[in-house]
Amino acid sequence: MTHLPDQGPQPGVHDLGYARLDTDRLERTGDAEVVYGAGKTPSQVVELLRTLHATHPHTAVLATRLTPEAQSAVAAELPEAVVDPVGRTAVLGTPPVSRGTVAVVAAGTSDAPVALEAATTARVFGAHVEMITDVGVAGLHRILGVRERLDEADCLIVVAGMEGALPSVVGGLVGVPLVAVPTSVGYGASFGGVAALLGMLNSCAPGVTVVNIDNGFGAGVFAARVARRAAPREAKDES
Amino acid sequence: MTHLPDQGPQPGVHDLGYARLDTDRLERTGDAEVVYGAGKTPSQVVELLRTLHATHPHTAVLATRLTPEAQSAVAAELPEAVVDPVGRTAVLGTPPVSRGTVAVVAAGTSDAPVALEAATTARVFGAHVEMITDVGVAGLHRILGVRERLDEADCLIVVAGMEGALPSVVGGLVGVPLVAVPTSVGYGASFGGVAALLGMLNSCAPGVTVVNIDNGFGAGVFAARVARRAAPREAKDES
Amino acid sequence: MTHLPDQGPQPGVHDLGYARLDTDRLERTGDAEVVYGAGKTPSQVVELLRTLHATHPHTAVLATRLTPEAQSAVAAELPEAVVDPVGRTAVLGTPPVSRGTVAVVAAGTSDAPVALEAATTARVFGAHVEMITDVGVAGLHRILGVRERLDEADCLIVVAGMEGALPSVVGGLVGVPLVAVPTSVGYGASFGGVAALLGMLNSCAPGVTVVNIDNGFGAGVFAARVARRAAPREAKDES
Amino acid sequence: MTHLPDQGPQPGVHDLGYARLDTDRLERTGDAEVVYGAGKTPSQVVELLRTLHATHPHTAVLATRLTPEAQSAVAAELPEAVVDPVGRTAVLGTPPVSRGTVAVVAAGTSDAPVALEAATTARVFGAHVEMITDVGVAGLHRILGVRERLDEADCLIVVAGMEGALPSVVGGLVGVPLVAVPTSVGYGASFGGVAALLGMLNSCAPGVTVVNIDNGFGAGVFAARVARRAAPREAKDES
Amino acid sequence: MTHLPDQGPQPGVHDLGYARLDTDRLERTGDAEVVYGAGKTPSQVVELLRTLHATHPHTAVLATRLTPEAQSAVAAELPEAVVDPVGRTAVLGTPPVSRGTVAVVAAGTSDAPVALEAATTARVFGAHVEMITDVGVAGLHRILGVRERLDEADCLIVVAGMEGALPSVVGGLVGVPLVAVPTSVGYGASFGGVAALLGMLNSCAPGVTVVNIDNGFGAGVFAARVARRAAPREAKDES
Amino acid sequence: MTHLPDQGPQPGVHDLGYARLDTDRLERTGDAEVVYGAGKTPSQVVELLRTLHATHPHTAVLATRLTPEAQSAVAAELPEAVVDPVGRTAVLGTPPVSRGTVAVVAAGTSDAPVALEAATTARVFGAHVEMITDVGVAGLHRILGVRERLDEADCLIVVAGMEGALPSVVGGLVGVPLVAVPTSVGYGASFGGVAALLGMLNSCAPGVTVVNIDNGFGAGVFAARVARRAAPREAKDES
Amino acid sequence: MTHLPDQGPQPGVHDLGYARLDTDRLERTGDAEVVYGAGKTPSQVVELLRTLHATHPHTAVLATRLTPEAQSAVAAELPEAVVDPVGRTAVLGTPPVSRGTVAVVAAGTSDAPVALEAATTARVFGAHVEMITDVGVAGLHRILGVRERLDEADCLIVVAGMEGALPSVVGGLVGVPLVAVPTSVGYGASFGGVAALLGMLNSCAPGVTVVNIDNGFGAGVFAARVARRAAPREAKDES
Amino acid sequence: MTHLPDQGPQPGVHDLGYARLDTDRLERTGDAEVVYGAGKTPSQVVELLRTLHATHPHTAVLATRLTPEAQSAVAAELPEAVVDPVGRTAVLGTPPVSRGTVAVVAAGTSDAPVALEAATTARVFGAHVEMITDVGVAGLHRILGVRERLDEADCLIVVAGMEGALPSVVGGLVGVPLVAVPTSVGYGASFGGVAALLGMLNSCAPGVTVVNIDNGFGAGVFAARVARRAAPREAKDES
């Protein structure tokens, strides 16, 4: 009565008991499955990463939302993995040769964990990544100073908490596809990121799309898919 | 059983049956009572304005939130009144000699009704008013082009709907006291101005205060009180 | 006191009194300004469309959220305009030669107004558009039958009301960048589209981004920007 | 002043001081009372289970929402009880001979605690249970592969977190009565299961009913009542 | 640009231009498609009913949420249809021979439209229906007086607005499967039925499931599916 | 199928087809049933009032929430009824000899409809009523001027919209039982009375209870029940 | 800069540095101030109780919301105090001779802390208290069995969590003034007591008033004020 | 992959790795940057304070929201700093000669942390500060007793939790610009300060502005900017 009953082996599924890896996903969508670390034990994270890597030896596999304990376990048991304690990610294997550029723009230093999760994800999913940090709207000169770098990207990820105004400002400067990520940074009536989320959904700049609060991973997947399809610059210049 | 019973005359109260004017308020707070037009009939608005004007003949009295019908009635019966169909206000009498300057900044043309209500209120309450319109955050060059005018005001009123990002941008440019007014302009998840209200309450620029959605009147009262107390420019230059 | 004061001519701004066109936007972001019809009179819509078209004679200009009255006025006064009564749009001029393909996927026939607004917008902003309608999740065979068409697009726009489940299902089938549009279709605890919005923000399929409720225009702008940058198919096949 | 005063013995009520068992419930509704473990001490849980079992020796009695400490206490003091650490339940005594089949369908492995609580409850309340797990909507082939098993059940319990889309997909495949259980799995704007709850309430598939967030117990009671009344298969085939 | 493009004929789909009937649904789920009248013109409703009836001549087809105008059109053009102006439904054709009994219980007379929609739906979907009305919780003697009738049903539909307490009271009296329907009856902080919805989701009686606010149709479909599978009474008596 | 089926005559219930009067309520709770006018036709209101009056000829019967049309119908057909167009009530028959005093306190003139509904209800339910109006918290001298009248009442009903602060101020002045009624007066983030409701629920003055938004009727019933049980003044003076 | 500056002694105020006791309140409202224990250290609670007792030696003084540590400190330092660990209260001194009766009715055993806080408060504020517990609406026979005791009280306090239906049921049985207290007992979409609060505000039984979630203290103050003013039974029988 | 990449030195920015100080802000807005302590380690707080002080040696620099650990570290390493454990602030250096007066008014002792944060901020930003505490609306005599002190200030900061009624009462007494600060003090349906926030936004007293919940810092910055611009008293007397 107390266990998930055996359903027998299924093609394209790797059953670890506490999780079943969808090993067919790479073929179906072009991207391998990812280890979402929240709620998993350190040893589960290590085993899942190792299994994914064995299935996809020629690309990089990613784990996100790792607790400090899981980061230590990965560092100890998978020494070739690259662990980022701020972005709470681990990467095992070599990312694909990058195509296209994603620029990750962050309003404040407290947005760094989400921004780094987005950046690492975009790299693992095949894009070149540029970081542009600490360009909050209360200091416009900093944003204006990076306008050209923004314009050269194939897709922008703009990360901001509090009132979430940065995507509107950036979206008014350039016409590059822009994914906004609200963060839970804030207090009082920020309601854990809802104020920033609503701000971004109501942006007066056209062409802004939004992902869930703190969802750097989702933004990274999306932006990489856009960037790696983009035509190289000389082709674009004609558009 | 069907009428508000007579409570006898009270000092400082002018009883019109459907409303009781607090004629002492001018002495107590320095500002006369105002006719809030929502829910009142055109003839009630006319009578209230006339009574207030008779009580305070040496200053201007104000009516807000007037329906088109009430505006017509005021124009017909009180020809000396100045009626603003966009801001939905009427002013009867001569405003006091202005002291200090309030700059009213609006993001879009659809914010004009609220911005004009704020501007007219601030004038009636004794401040000089400058209007700076159509400076939404999606076009930064327009905001940057008015930076000096913003800096010379004694108090700013910044009106914006949708994501409500303009106060953060203005608040990062100058150190003038800033009152933000969210408007109900927007759609979908703007929730009738709640998105803008939350954005302004969570502004990353320090020193931003907020009034209720569409409350141009409240912002005008507050800003005029700040501006008319301000020391003249040469005194301020020493601060 | 009742008018927006004159601020003098500004470069890149065309002032019509009730609105100021940002005629520089095309240069800044690659896309011309658009007439947002909600809250505007039919004659204002006609004048704004005519002015925009005169400024940008070599491309198409767009008006959205047109009332039936505004649609009639445009049809009468600008006979060369193409008016869509379901999508509530009007287009004046010839759209640019399309680059890349946007597939607009809609769950039900009641989502058609938003889906058509998205489709028309994407065309005006330079993408080829394919419509795939009536593929709600309660009839999976219809979605599975169009899998190949989904996979060939450069960007997907998925429109759904009620529980907003369609983007999760589509996002699990293909790896194409996907913009989800919640609609206000529903009743009871759908809260005017909030249920669909939350469903899309919490999608279990990675790489889904979201725009505001009923914001087909925003999705169209974004998707066209992605599609027209995309490398042609033979280049993509190598990725 | 500090104690619940004695109210004297009442028929059909077994008073333990900190709780009063409604021992008549079995006769009134056909089902015995259950021990809801949240907020109870381990020894209270043990005593309540023992008392219920003594009152109803010929059937199984159930305890839910047991803390790890309470699970250990039950295992030590009532060795004949079956404890499920994932579903957080304990069962004492032999469930009735099962009539009818409940299929419990779960989207992800993180939904397992709620799915197992539902499954164990349905068994104790007299139904045969089938588990179908890890069939999230982002991998449709897995759902389509179990269509026949879904169709053969007398009642379905569909458990999902995040956007809660699974009941819509399942409800479009088969016409079996379907109870949806939203779980608190998710983050950001999932609001502890509210996104999934709203998604299920707004399902476009007709005939879906919903229970409270994480309420596997309620779904299990309901589904068992439906299943054990169902006519055997040969009778149904005529309908 | 302005029309849904032709997608060619599809098997199991009847395309009317403004709607596509899923004529395969009967085979897939055992129930025919239904005309949801909200947002449709009277002539569309008539045409859809006629088409559905032609496809399924041996059973009854249903239209819900009909405006008074649509009801008149149906009565005039389809004289054999049975129109219910309170429940806002129309039925064309002969319902199947009923199997099992659904009891529809309503708290107040203002809940009648939702209760009748549920009752008519359950009949069309193959169940016998009993109506038990005006048994609000503020008059317990009325509920207690119908206890036996409640106990004899195969499935209960309990409709209530305001605080939504009736399902808890009924659910404590009998062990029959119970579907609760919150209605939007109420005022002030009832929030259009949300108070009743929350009350029902949090019912202290086990085995209560809930549908969306005012969704009598959904409750009727579900309850009929439960009732028509139920074993006849003599078989149940053994359970 | 289209009518509520006949359930046969029941004792204590007077069935009018569209409503069933609970004529036993007077005996059970000491108060007769009331006609809630919202959603009823003028002729239904007239008939219900006439029937209630015939059943209870020796006391007064009450109808609330009457539309202007219903008020006219009552005035025309039941000329002995007292109709209050502001409070939207009608009273037929002679109220009982009053026992105890309810003071109804209202913040602004726009709260008059709710205050008068409460006052008329309390009179019909047997209390003497005093009205104290226009004592908003922004003019404290007016509240302080009526302190003695407040202290002499047996129960207070305090009606306020906007921020709902008046009950806190009154509750700090006297120790009389106080029922607070939030009204939907306000705009912007008042959310139709929710701001006032929350303010009253969180009152810092102990002993404040609250009814639903605009529910003057409920407050009147409650306060009359308290007042008519109160010991006469000379007895109270000893307490 | 770091301390609250001295404001000098004020009449009717006892300044303890971290709190200022309003020792005049007894005269103003008939009730002494109370120690609200949440957020206070154990020694602060002891000192405040001792000071209040010294000021009011001839009555009882009350402390509420005491942590276990504060309860131990009171028991050790003020041995004559009566401490209730379930209701989290302490009482020092002899309550006044009781006048009138408050009946505290609780739905479940988990509502006991709030019910006991209400009961102890009502006693300290001068009423006789009867406890009636474990009478949830899912077991109506228990409520019906205490109908007479309910009817004999001068004021009822009805405490319930989850859907908060008990006040509606009790309010339909008797005409005694009824104060409802929602508790935070529940899970999922109970939202910490909001579901119960909304249920009570929307009660279909007239004459129900509500206090804040878990606010047994406020209900106790209010009910005692009602009860102690009530005329003795023989006087009431005439009403 | 794991670090924020070097962006090279920028003028007006002091890069500490984990934070970048905007050392130009003093010139741009007249006020230096502030250390927001939440989420920073004690040693980061010390280093940031030291760096800011070195950049601005002739004025005071401020740190807010310091944990007890950060307060100890500052006290140990920067002995000349003034640390306020209640307001959780530290000040290093000599505040400017004060101009104008800010009066900080607090409703209860539990509002002290927010009130002191506001007071210290206003001092560091150049205003003289008066504290007026424990003047809740439930004891009006205390507010009335300080009316003159309120009237003499140049700007008021009014801090209150629970229902947030104090600003309305104060705003009705005097015409001084008033900034309201809601605090998270309260329980049940106070929703962490939302009830107070809504109360203040809906204040019936004109000229009240609001900052975010618990945002004493923002109120202090704003009020100081107002006060230090104010003309000295003799000049104001003429207004």
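A, B, C, D, E, F, G and H label the chains in the order they appear, each numbered from 1.
In this text, a residue touches a chain if its C-beta (ideal position, glycine included) is under 8 Å from a C-beta of that chain, and two chains touch if they have at least 3 such contacts.
Every value quoted in this text rests on a predicted model; they were computed, and no experiment measured them.
Chains that touch both subunit D and subunit H: A, G. Set against the C-alpha centre of subunit H, every other chain centre is closer than that of E.
Put simply, the C-alpha centre of subunit E and that of subunit F have 37 angstrom between them.
Subunit E has its Cα centroid 52 Å from the Cα centroid of subunit B.
For the pair subunit C and subunit D, the distance between mean C-alpha positions equals 45 Å.
Per-chain CA centroids place subunit A at a distance of 26 Å from subunit C. Residues of subunit E found to touch two or more other chains are 139, 172-173, 188-190, 194, 197, 201-202, 212. Working note: touching chain pairs come out as A-B, A-C, A-D, A-H, B-C, B-F, B-H, C-D, C-E, D-E, D-G, E-F, E-G, F-G, F-H, G-H.
Touching subunit B in their complex are the following residues of subunit H: 28-31, 34, 99, 126, 154-155, 172-179, 197, 201-202, 206-212, 217-219, 221-222, 225-226, 228-232, 235-236, 239. Subunit B makes touch with subunit A in their complex at residues 107-108, 136-140, 143-144, 162-165, 168-169, 171-173, 186, 188-191, 194-196, 198-205.
The part of subunit H that touches subunit A in the complex is made up of residues 1-5, 7, 10, 13, 18-20, 22, 25, 38-39, 184, 193-194, 197, 212-215. Residues of subunit C that touch subunit E in their complex: 82-87, 91, 109-110, 112, 116, 119-120, 123, 131-134, 139, 142, 145, 187-190.
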